[in-house]
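Two complexes follow with chain A in common, the first pairing it with chain B and the second with chain C.
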Partner chain A sequence: MAELRRFIIRRLITFVPTLIGVTFIVYLIAAVVPANPARLWAGGQKANQQVVEMLIKEYHLNQPFYIQYYYFMKGFLENTMVSPVTGYKVWHEIKVYMPVTVQLTLISFVFIVLIGIPLGIISALKKDTWIDATIRVIALLGVSVPIFWLAYLLIFLFFTKLGWITLSGTPTPPYSITGIPLIDSILKLDWRTFAEVIKRYWLPALVLAYPGIGVIARLVRNTFLDALGSDFVDYIDARGLPRNQMYRHVLKNAMVPIVTVLGLQFGGLLAGAPITETIFGLPGIGRFMLTSIYSSDYLSMVGGVFVIALIYMTVNLIVDILYAVIDPRVRY
Partner chain B sequence: MRCKDPIIVVKDLYVNFYTYAGVVKAINGVSFEICRGETYCLVGETGCGKSVTSRALTRLIKSPGRIEKGEIYFYPEPGKKIDIMKLSDEEIRKIRGYDIAYIFQDPSASLDPLYTIGYHVAETMAFHGVVQSIKEGIKKAAQVLRLAKMPDPESRVRAFPHELSGGMKQRAVIGMSLANRPKLLIADEPTTALDVTIQAQIMNFLKELKEKENLTLLLITHNMGLVAEMCDTVAVMYAGEIVEEAPVEELFKNPLHPYTRGLMRAVPKHVGKNVTLESIPGTVPNLIFPPPGCRFHPRCPYRFDPCDKKRPPLIEIEKNHKVACWLYAKEGGKR
Partner chain C sequence: MATKEAEEVYEKKVLDRVSDAFVDALANLFDKIRPGWKVRNQARVDEWKLMFYAFNRSPIGIAGAVLVAIFIIIAIIGPWIAPFSYGTSLALCNQTAYLAHPGTVVKIPKGCEALGVKPGTYRLILGGDSFGRDLFSRILYGARTSFVVMILVLLVGPWIGVALGLISGYYGGAVDETIMRITDMFLVFPGLILAIAFSAVLPSRISIFLKDHPWVGSFFLHLFALHPTERGALASLVSVIIALWIVWWPGYARLVRGMVLSEKENTYVEAARALGVSTTSILFRHILPNILGPILVYLSLDSGGVILTEAGLSFLGVGAVPPIADWGRIIYDGSQYFPSAWWLVFFPGLAILLTVLGFNLLGDTLRDILDPRTRRSIEFRLKKKPKTKEEGEEK
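Then we have the complex of A and B:
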């Protein structure tokens, strides 16, 4: 246990340089784009020169980009950094938009686990039958179909034709514990809100999850078959253990690589969120970052990047801990 | 009948493997019996079908392999006869690991890396009803490991396979195989993957154990030294057939089959003397297209007329000494 704590502390310390690196690179890319951000923020062509100069002074735009970066990070972390476009503090924006993205990615992730893993197992158990072939085609499509194309197709079906879904607004319950309605409704056992959240999110989450489902189904199939072919399975048979017990061993062995990839898939979900949110009209952090880019509000954008990087690193830290829980050969 | 009280009787066993390259006729009409309490050895080169034969005894042949035909009878007690080929999957499962236990060649590959040694022992007992639950089994696991002479068994129960040395892993596997007090122990090259020093320890221990536990041992090996030390009766296999079977002294004193003689000459006897070891010319035949007649004839220095046409029957030349070779069959006696 002491080992585990040391490992977590060590990993948390590495968060700092990683976060600085990620935000610095993104900031650099945004800052070197030849544009006059102060003028854009002040209103473009008709901008008042006085306002432009105020903005330049306020955001240190006449200084080298690394000094700008320093002031940005300082302001951001002290929660004094105000978006020059929206006029809100960057953290405030994140707090408003983040819950939507968290709900979307969480539901997506649940879909990946609940659909991808069983599909892979069924595929492995029915190896070389038509069931296996069908699942493999579904999985292959998931990996290769662009999600925006699939999204519009499904919107046409479920929104235009069937009218089962809505494409605007998100359910917000009157109470707030974590700020995320999905989790709050579970904590409060408020199943009506929960159902509303699911109703709004299931299709975008499914679309977002589809590539991940494809990857996981293929991986589970292969690792399951691999584990099924191990020598220890022969010895389980030779000891006369029942089938269920054998599958238990096989599944646990197959889980080791799957958990790793699930962690990476979470990153894929976060990366796919801007497109999905935009298409399905979900006011999430991904869409917020996209609009920030359109309005050259790279301060808000880097703020979003910061939070997304933080989530991604946390998920992968959890994956690494799980990895060692499953596989005793892994040492911290 | 060689045995008054056999524990297992195999008659005319055929096993094929259906591969993409063709049908591998891995076991071609093997018959033998093992007497209760003896150590019976199967010897032969790699790929001659020793392991397949031993696994066929409890129908542990996985697809693409199939037991084509043959009879296998198991006598858990004298006079009580079980027809292995007629059992349901569930019934045969109950025999595996309970009445008939296995030790495989590579102990590292026999253990699931994600579970402790104690769990392995416990599940082996629990699913055969020897203990009520895996939890209870883990409590009793140390006792079982002590029987297998595992050093410091209490702490080994909680150890994972990768934390043990090869020899200790094999002791753990032996412990698992003995956990349910089997009547027949099938040891498939149990020491091949281990150091020489550990080999001796394990073999001595098996010998000791056999006497103490009243076990019958089927030992599969290609090590003639082990055969001499351990076995009561030896069957020599070649390309999926038993070519000679004899009590161990008889076989070493008077090997009859040309293949057995070749095997004997390929074993170094005098350490230090500058003698060249003889090898048997040629290679093991491809069992998709086995040679017609006697499967050994292409490599045999004594081959003559009927060898490449007709398969020699396994006939008894002297008491309990059987050989399948036309050299002896022709006159029905000695050459």
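Then we have the complex of A and C:
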């Protein structure tokens, strides 16, 4: 365990520089490329010169970009940075938009685990049958289908034809513990809100999850087949262990690559979120970043980048630690 | 000599004879360019033939190859065979073309020559959009857009990663550490959002560049099969390509670095170094050809990814601007009329799906064939078994 602690410390040392690096790169391209952002913020061609100058002073736009970046990061972390376009504090906006994306991503992730892994296992166990072929086609379609197209087809089916879903508003309960209604309602045992959240989010989450389901099903099938071919399976068979117990051992051995890819999928879900949120009218962080990009509000955008990178890196760190728990052979 | 031997050992189908002829023609071509090539590389030629044999026995691979071939052919000749140009608004002449159902027959009266359409009756196979433009023609033009973006992205982006991965893996130490930390920074962040940011901010600079260098603009106009009047719309398309270069290298850098780490321990690298071959030459002429297989598999799997990402970007409103025909953009514009004008969303999406599916099927099969483990098993199955005949006689 001492090794694990050293590993975590080593990872945490690179954690902060990477985070600074990511935001710096994005800040660089966002801030340096457009010409005269202050004029854009003040209203474009007809902007009042006084306002433009005020904005330049407020956001240090007359200074080199690395100094601008320093002031941005300082203001952002101290929660004093105000978006020049919306007039809200950047953190405040992130706090408003984040819960939607978190719920969407969590439900999607549950779909990936609950659908992707069983599909892969069934496919491996029924290798070279029509069930296997069907699952492989479903999985391959998952990585080939444009999700915005799939979203419209499903909206046509479930909204226009069946009327099972709504496309406006998001359920917000009157209480707040974590700020995320899905988790709050579970903590409060408020099943009505929980059902409302699920009703609003299940279809977008499924659409968002489909490519991930495809990736995971394919991966589980391959690693499961690899593990089934190992010597220890013959040994277990020879010892006469029941089938279902054998599969448990096989799954444990196949788990390490699956967990890695599941961790990466989390980032994929966050990345796919802008499209899904746009189509299903969900006010999430992806939508927030899109609107800030469209309105040249790069300060809000870099704030969003910061939060997404932070989540993604934390998830990856947890995945690396999980290796040791799943597979005791792993040494750091 | 060796070819004859191969003929005896392996069973052949019609397709195999076609691929044999193709490989032989290729070998002869190389032989013309560099006399003596064929004799020296006989083993390689046989290996290529074997790969084709394996490929010919994979229905999935052939299906993928057919889909990809259709896509490429449409991308190349599409703009010529399209009944209308991508921007022709038939609704200006005949109101029935406005959001016309698939299969609607539109009559173009005299006096519409300004649109570039001859008088007569036309059937809009896939319907018309909100400007009365023929969806079928726009999808054909859209194939060109996707194809050009895909080729230009894959010609540059991944190779930046390959070069960085080669350098990083070969030199190791501080160089490796620096490059890989920068790679990590790009990898911890979802590429799509980065690409959106780039394609949103780049056009202003690109359009200035295109104004200063008109020949670059003309080159792209011909590439994308656009009218000269669309010169202003080019900047956003070029920005998408550059944005995708920037987000498409980190995966390759990591992949190549890993392969170089094991490859550089081989004796041939040491021999080359002992002979005084320059480092650049070792990297690009000795190590690179040896790791090219996996890179090509990744490229073919990524081709679909590039098309999908590009369509996603234009769906989000960055990238291709109207009236340029782009599959993602057609869906975005058509979504305003969904579901009553379902064809505006359905058909372009189907085109994306089939194309990307083709590349994925092809890439999957290529991976199996280029992976030595699976290829040996395919070869084993391919070999003629002289014993089976005897067994048959015995029965």
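Going forward, the second predicted complex is superposed on the first by the 325 of 332 C-alpha atoms of A that agree within 3 Å, B and C clash if a C-alpha of one lies under 4 Å from a C-alpha of the other, contacts with A are read in each partner's own complex, and residues count from 1 in each chain.
By our rule, a contact is a pair of C-beta atoms (placed from the backbone, for glycine too) under 8 Å apart; a residue touches a chain by one contact, two chains touch by 3 or more.
Quick caveat, the model's predicted, so the values are computed rather than measured.
After superposition on chain A, the partners chain B and chain C are seen to fit next to each other with no clash.
By the touch criterion defined above, A:118 reaches neither chain B nor chain C.
Of the two partner chains placed around the shared chain by superposition, neither chain B nor chain C is touched by A:44. Residue contacts after overlaying the shared chain place A:234 against chain B, while chain C stays out of touching range. Of the two partner chains placed by the overlay, neither chain B nor chain C lies in contact with A:169.
Residue contacts after overlaying the shared chain place A:308 against chain C, while chain B stays out of touching range. Look at A:274: by the touch rule set out above, it reaches chain C but stays clear of chain B. Put simply, more of the residues of chain A are touched by C, taking chain B and chain C as the two choices. After superposing the two complexes on chain A, the shortest C-alpha to C-alpha distance between chain B and chain C comes to 5 Å. Across the complex, chain B is touched by residues 230-232, 234-242, 245, 249, 252-253, 256, 326-329 of chain A. Of all residues in chain A, those touching chain C in their complex are 14, 17-18, 21-22, 25-26, 29-30, 33-35, 140-141, 143-150, 152-153, 155-156, 160, 267-268, 270-272, 274-275, 278-279, 286, 289-290, 293-294, 298, 301, 304-305, 308-309, 312-313, 316. Note for the complex: chain C touches chain A at residues 181-182, 184-186, 188-194, 196-198, 200-202, 204-205, 304, 308, 311-312, 315-318, 328, 331, 335, 338-339, 342, 345-346, 348-350, 352-353, 356-357, 360-361, 364. In the complex of the two chains, the chain B residues touching chain A come out as 55, 58, 60, 62, 93-98, 101-102, 104, 106, 109-115, 123-124, 127-128, 160, 162, 173, 176-177.
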